[in-house]
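Next, two complexes with chain A in common: one pairs it with chain B, the other with chain C.
After this line comes the complex of A and B, so read on.
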């Protein structure tokens, strides 16, 4: 929910316009996500994914974190999406296969999971009182570096573990493919 | 509030005008430059020195029919040329032309330019894929592998510069290079860096800019002798025009970035009269070099292109990064 609608300010006040901008970002993210999930062509899904990433980057920028926003675009749009589209181009020249609804996760179970997640997040969002955080630092490289290696070093290390797992997964998949031939 | 809104509008209009005018007139400059190197006159009929050629070309392109091939993915076919042009325009928002002429200076200026530049690569993918044309498809596969390969050394070299200056703020980077020509980042010993390898960083960066903007000798994406016209084979009318303008706008952004990171931005070589004119002068010297290189060197092969990046530029730039880090620790 948009926090500014709770106090419901006038639409053309500063808070109201800020809320509109936030809603636009959310809409872009949601529309991108819907395109990514529902299109029958893989490249279109990638396009939807990019729209979604840009929307999320917009929310980061809106939340006063330009560094994270730019990193989001640079890494997810510039690297991840490009790599995905590269993989699609190498893998499937005829992309017109409509992938039907299959698998045990697709039917009621999928809906249940989605409902559980959405409901959980909604309850969490409504029960948290959102304090307005003060700006922690000036967002310069030095400050970000110091913060990353002191206060947030745990997060930093966790990210590298995620990357390590991704690399290991890629290796495992690649090995399987080689033995299959 | 009102004043800042007006400022924003003026800045946006100025950025679009600057990008579009440059894109249009660089086509003219390129054709004149090519003609000069090939010993022929080039476009010189319309207006003095043929200066009316770009607007006439624009009118011609806009008057043409925009054809969309039968099997094409319509939405993405139309989106691709727009996506080619808009990241370049976005980048102009944060480029400082002098210490007063900047639309919005950001703490993360470099990051923003790279973020939007990386979106440009997607336009080639979309164009190539949505055209339903084998040549266009092959071209976009090439373009993607090229973009991925050259973004890495470019970013590593930029990190080297950021380590030396300790800031991603483009204005701060230029400010640190003020004083005299010897303080520019390209020069090794007397600058901020004390790094002997800075000229090589500059070369790596410039080579990567050439490759990232799909310019000859790295224009494998549109190799007209192999792939008809590459990703824009199926584009006519202003769709083609937008791809062309996007390419030149990207060249301008790349040259601006090179000027700021290595050549001291708006600083004068002798410490006199710093100002926007020095920036413009350096910018157009670099763009002239772009055109000069294009019409001098033959196109490389795709293997040569990828080998140059993965086997030479990336190891070199990584070594450069470590060396710079070591030097910064010592001094």
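After this line comes the complex of A and C, so read on.
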């Protein structure tokens, strides 16, 4: 697991090209995240969020989980980002006012907080010796389906109820105060 | 060495930490509610990457982390729906989605 012990493959071998694709995915993720947090307009921010989620889906694919990668694109890019775009259109923020980065925490203080957290977690991740255990199954889509309907069936049903209540609650809250108009 | 990074647990943990840091930066600096919601989505993505990385490299059962990531997605979708409907309600009340304009409870 130590990076220095892994031999680097040649650039134009299969492993080398896979490594290049992985680095591109990481770059897409981080650049998308930076755009999402730093742009002046919310529409660009949502576009950055979409780019970031596509990169995260690529990273999931590298983690042997094509099913979760597909769900990431379907749910986040297909549903959450579109919902946020609709909210931006409905709640049209005034263009004259600067909606970018301002406020008391905008300067070095906010950056320092974020850098401290990210750096701390990164150092922890690099210095801990994570124990590796033998796999007991292959983590395929079939196994996910079996476990979702056996071991995790209670959580599965509860998440369905949470989603139903969330949709009903969203409708009730967003409808409130419309009668007078 | 750079090209073999994708087969290494620490790489994914560092990516997750960076996404988390970007999200924290966004959430403390943004002044609009929608901007803060977008930053919160980045934090959730960072934590999901952590779960998936541990699932791939250390967990004995590689299904657990994937199921957990799927549940995180479902809860994040519910959170986005509720949060956006609250934002619409706030906009209808104050004609603004700036966090500093909704100050009715301010003493």
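One rule holds for everything that comes next: the second predicted complex is superposed on the first by the 115 of 181 C-alpha atoms of A that agree within 3 Å, B and C clash if a C-alpha of one lies under 4 Å from a C-alpha of the other, contacts with A are read in each partner's own complex, and residues count from 1 in each chain.
We adopt the following convention: a residue touches a chain if its C-beta (ideal position, glycine included) is under 8 Å from a C-beta of that chain, and two chains touch if they have at least 3 such contacts.
Owing to the predicted nature of the structure, the values given are computational and were not obtained by experimental measurement.
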| item | value |
| --- | --- |
| Which superposed partner A:168 touches (first chain B, second chain C, both, neither) | neither |
| Of chain B and chain C, the chain that contacts the larger number of chain A residues | C |
| Touching partner for A:27 - first (chain B), second (chain C), both, neither | neither |
| First, second, both or neither for A:89, with chain B first and chain C second | first |
| Which superposed partner A:16 touches (first chain B, second chain C, both, neither) | second |
| Partner chain in contact with A:59 - chain B first, chain C second, else both or neither | second |
| Chain B versus chain C as contact partner of A:113, first or second or both or neither | second |
| Which superposed partner A:41 touches (first chain B, second chain C, both, neither) | first |
| Partner chain in contact with A:78 - chain B first, chain C second, else both or neither | first |
| Which superposed partner A:149 touches (first chain B, second chain C, both, neither) | neither |
| Shared chain A surface residues [contacts with chain B and with chain C] | 67, 71, 79, 83, 86, 90, 93, 138-139 |
| Interface residues, chain A side, partner chain B - complex | 14, 41, 43-44, 47, 50, 66-67, 70-71, 73-74, 77-79, 81-83, 85-86, 89-90, 93, 138-142 |
| Chain A - residues contacting chain C, complex | 1, 3-4, 6-9, 11, 15-16, 18-20, 22-23, 26, 29-30, 33-34, 36-38, 42, 45-46, 49, 52-53, 56, 59-60, 62-65, 67-68, 71-72, 75-76, 79-80, 83-84, 86-88, 90-91, 93-94, 97, 99, 101-103, 105-106, 110-111, 113-115, 117-122, 125-126, 130-139, 143-144, 147-148, 152, 155, 159, 162-163, 166-167, 169-171, 173-174, 176-178 |
| Touch list for chain C against partner chain A, complex | 1-26, 28-32, 34-35, 37-39, 41-42, 45, 48-49, 52-64, 66-67, 69-71, 73-82, 84-89, 91-93, 96-98 |
| Residues of chain B touching chain A in the complex | 1, 73, 76, 79, 106-108, 111-112, 114-119, 121-122, 125-126, 129-130, 137, 140-141, 144-145, 147-148, 151, 162, 166-169 |
